[in-house]
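Heads up: the structure comes next, in structure tokens.
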Amino acid sequence: MTPKIRLLVFLIGAVGLGAVYCAGARNMPPWAEYRGPYGDVIASLAVFERHATDTVNAITYDYRGFDTLGEEFILFSAVTGVMLLLRPEKAEQKNRNEESNENPQPFQDAAALSETVQVFTTALFGFSVLFGVYIAAHGQLTPGGGFQGGVIIAAAPMLLYIAENTDAFRRIVSHPIVEFFEGFGASLYALIGFLALLAGAPFLTNVLPLGQTGDVFSSGTIGLISTCVGVEVAAAFILVTYEYLREILSRERDQER
Amino acid sequence: MLSPALFVAVPLTVAAMVAAVRDLLPRWITDLVAILTAAFNFVIAGLWTLHAIHQTQVYWFGNWFPRGHMAVGIGFVMDGLGCGLASLASLLTLLALIFSWKYVESGQRHYHPLMLVFMAAMCGFSVTGDIFNLFVFFELMSTAGFALCGMKTREPAPLAGAFNFAVTNTIAAFMVLTGIALLYSATGALNLAQMGLLLAGRHDRLVLAALVFITTGFLVKAATVPFHFWLPDAHAVSPTPVCVLFSGLMVELGLFGAMRVYATVFQGCVATTHLHWIFVAFGGFSALWGAMMCFAEHHLKRLLAFSTVSHTGLMTLAFGLWSKDALTGLFIYLTAHALVKSGLFFTSGVVLHRFRTISEPALFGRGKGLKWTGLVWFLGGLGLTAAPGFSLEMGETMVTSHAHWAEAIFILAGALTGAAVLRVGLRVFVGMGDRGPSDRSAEVDEMPETSEAEKRINWSLFTPGLLCIGGSIALTFWDRFMDAAWSSSMRFMDFRSYALAVYGHAVPLAMLAAPHEDEKLAMALACLRVVLAVSIALWAVLHLKLPRTLRWPSFLEGSMRPVRQLQSGHPGDYVAWLTLGVAVFGAAAFWLGL
Amino acid sequence: MMILGSGLLALIAVSAFVIVRTDDVTNQIIALSFYGLLFALMFFIFQAPDVALSQVTVGAIALPLMVMLAITRMKHREELNKRKQEKSR
Amino acid sequence: MLDHYPYYVAAWIFLCGLYGIVRSRHLVHTVISLAILQTSTYVLLLAIGFRKGGYAPIFADISPGVVTVDPVVQALMLTDVVVEVTVIALLLAMVVKAYEQGGTTSPDDLRYMRG
């Protein structure tokens, strides 16, 4: 189809699709008048039943924890997919090695960063990891949780890359332990679910003691699951970054030699 | 009784663990672990099926039982059809993994975890009783599918196919989510049974819009024309074992998702209208379109992919008939088709492995030595036509028992798809006639998935196909299978019994004997299909020897230019058609439903 | 709050259209990051701090970063190919 | 009209995303348009769960019993956000690889398998 016909077909369809959407929207309850009951029931129960102050995370990791298990595996399979797609081909690898031997001149003239920036971003590394762990571990109390914390942790090595500390960056992101944690973190969630089966309850039941509301170790498995998810998400995002940068990194290493 | 969580959670856990230590494990251990997990899944799901055909059971995750009518957690509803599909998914994955033992070589470090995740997603999708959970498993199935589809990264074509697959199916997923959001705003619930109860009798534009979004979203997965464009592109390029799962079950599960939501949420509010005729229309059209395109193809996997479009169209039509007979027939047909289609894909994988090509003209006469493979292929072709003795014929008889006019579509679609497969068989394994015309897509040669040195056909390559085809014949001798399908379909359609089961008042159901249809008529029609299919195949192969006046319909096998150009490989085109399809579906739904 | 929220929604609607109309991919990434921030702000206004936090980390940082990494890798490859061609000449 | 204003915005964003994919001339552009399309569900879900005068459903600083907005849609949105970013990552990997194998970033050149 030529672009014009394609657009025409689309426009006819879009009018219909938009009309269906708007016809549905017009019959929805008016905006800003949420009527419940699902959300209200859980909002009124979660603090008492689960000793969690953040109801959203109580839903994510407990009431509807099974959804989150599925979601975590969506992340897992997408990362596995990225690794599968961007895997270096054998033949290609050989070529690249040959090339880099013949081609010793610097690939790209890096604009020199001021030392202040380098020191500052490197110092932020530790802070970023700490902050991520904090966010992941306090999921049941305050906004945040495994997913948010995990992404923040994963951002830490990127800071090193920005600070041009590529050597440290490469050592962190290409370490096999990252790959291990990506799989292990994902399986831990399910294993916590099996814990309940051992205790004779249905899968993913919150069988740990609920503790004091407001305490870091409250809410039973919620905090634990949140932390596992944090590990998995951090490892997953680091892996994705590494897969994209692998080629460029290997080139830079060759230059250093 | 073992927990139903096992058949989702165990493969997921194993997948993640295998992935965690993938560099330490030798290939054979990974294979063994994956195969054992699939076998375990098959056993668990099978046991649950035997249990569930007598009584539907519900399993609440996290011990969150409903408060009154409020479902606060997520529940699995273990009913006969859902569990049956889960065991079928496990079985096909098991066979596909056995096939991959000696087959998949490149990318093997990531292959097994993805296959296991894919299997878990299919199982979870079949039995979940929560609409958002349905979306999650839909998306999980898609994500693993996208990755597996683009596995052969050494050529650009698989990436293009996977890209189109991913774009269209992601749009579909978000249409489903939009529909879910609409329903949530109306009911404030996410449990299917609860939503159905709250919506009963309600009949307005909101419900219809939600129905349009959710159904079309699932129909994209089910590859109904005009949402089907991604399917041939994706199937043609995926590794063979992955094709088996795609064509055998994933596509049909898309339809099943639409049916599940229709049977629970929408049945109480729109069943009084003539809405189901839309499914009949879309399904019938897909069946004929797919069959026509199938016959025109010369790339083996693409040919089979189009036949999947056609057969899923027939199943959509059966869904539209929405009667006990039609649904029973549909599920028998679905199972039988999954087996036959898997067998054909396995065989095409053997051909690709042995001859390093999958294009019909290039294979001409080269398969003469492969007697057994050829036999399986021919049996598969007969199976697709729903020949007497195959379980497809059983399903088809049931579907059309109260809608004889539908028989015409079944005959045309079955005969054309079967003829296409038989034609390939005659050319490749018998070497009859001439090479036949070629076309562009057949010339895109597929890189074999196995290494050059290994040309022997290992037992692990040949057996799965044989088992599949054999299984589809064996099903006809299993009377209990038919009765089970009949009882479970009745239960599937009956929303009251579903809702009662969800709220813990399940009524045990005695197994009912399925009615026996007029066998003479069915046999006569089946023979007619076979005669048609064989004669079309022979005509196609030998048409140069015929007098010139009889050659005129050769365009059917030839270029079919204007029609085939629609299949352009351009994601923008596919999305434009998708949008138009939603609009047509929506217009029809609002016209018939209000 | 409602007025602020409505204004933000209008801004989001406009920027969505602008982003899909932008052909230059680099500009699009910057716009996408901005768009992600708008969403984070909207989640805050409409009392969804959890989602806002994940939107800040994912929508405004991780997503544009990933697009950027993909483009970097593509540019890198482009340069490699160019060099190869020059050498062969 | 104003009562349902955010829902119409959601519909608009959905159509914008589709339009972007249809008119796209660069695969990365296609992927970004898909990301835009996905954000329409955020608007929709957020608007459904919102309640005028409702507080965020976090009982760290408000006492139980206070009227809050719906926490369920927020949990659904969290899932949604993660699903979006993972699918985008996967699609981008396909685009990168397709470029490396076929040397093109235009959807017009994806036609390896026509007909």
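Each chain gets a letter, A, B, C and D, in the order it is written, and its residues are counted from 1.
Everything below uses one rule, namely that a residue touches a chain if its C-beta (ideal position, glycine included) is under 8 Å from a C-beta of that chain, and two chains touch if they have at least 3 such contacts.
On a predicted model such as this, the values are computed, not experimentally measured, just so you know.
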item: Pair exhibiting more inter-chain C-beta contacts, A-B or A-C; value: A-B
item: Averaged-CA centre spacing for the pair chain B and chain A, given as whole angstrom; value: 32
item: Centre distance in Å when chain A and chain D are each reduced to the mean of their C-alpha atoms; value: 16
item: Intercentroid distance (Cα basis), chain D paired with chain B, Å; value: 28
item: Overlap residues in chain B, where contacts from two or more other chains coincide; value: 132, 136, 139, 143, 146-147, 150, 153-154, 159, 178, 184-185, 190, 568, 570, 572, 575-576, 579
item: Chain A: positions in contact with at least two other chains; value: 3, 6-7, 10, 14, 17, 21, 25-26, 28, 32, 36, 38-39, 42, 54, 56, 64, 67, 71, 74, 78, 81-82, 85-86, 143, 145, 147, 240, 244
item: For chain C, residues contacting two or more additional chains; value: 2, 48-51, 54, 58, 62, 66, 70, 73, 77
item: Pairwise chain contacts, counting only pairs that touch as defined; value: A-B, A-C, A-D, B-D, C-D
item: Contacting residues of chain B [partner chain A, same complex]; value: 3, 5, 9, 12-13, 15-23, 59-64, 67, 70, 72-74, 107, 109-111, 113-114, 117-118, 120-121, 124, 130, 132-133, 136-137, 139-140, 143-144, 146-148, 150-151, 153-154, 159, 178, 182, 184-186, 188-190, 204-206, 208-210, 212-213, 566, 568, 570, 572-573, 575-584, 586-587, 589-590
item: Chain B residues within the chain D interface of the complex; value: 132, 136, 139, 142-143, 146-147, 150, 153-157, 159-164, 166-167, 170-171, 173-174, 177-178, 181, 184-185, 190, 232-233, 236-237, 302, 439-441, 444, 564-565, 567-572, 575-576, 579
item: Chain C - residues contacting chain A, complex; value: 2, 48-54, 57-58, 61-62, 65-66, 69-70, 72-73, 76-77, 79-80, 83-84
item: Chain A residues within the chain B interface of the complex; value: 1, 3, 6-7, 9-10, 12-17, 19-21, 23-29, 35-39, 41-42, 45, 62-67, 69-71, 73-74, 76-78, 80-87, 89, 176, 179-184, 186-187, 190-191, 193-194, 196-197, 201-206
item: Residue ranges of chain C in contact with chain D within the complex; value: 2, 6, 9-10, 12-13, 16-17, 19-21, 23, 25, 28-29, 32, 35, 39, 42-43, 46-51, 54-55, 58-59, 62-63, 66-67, 70-71, 73-74, 77, 81
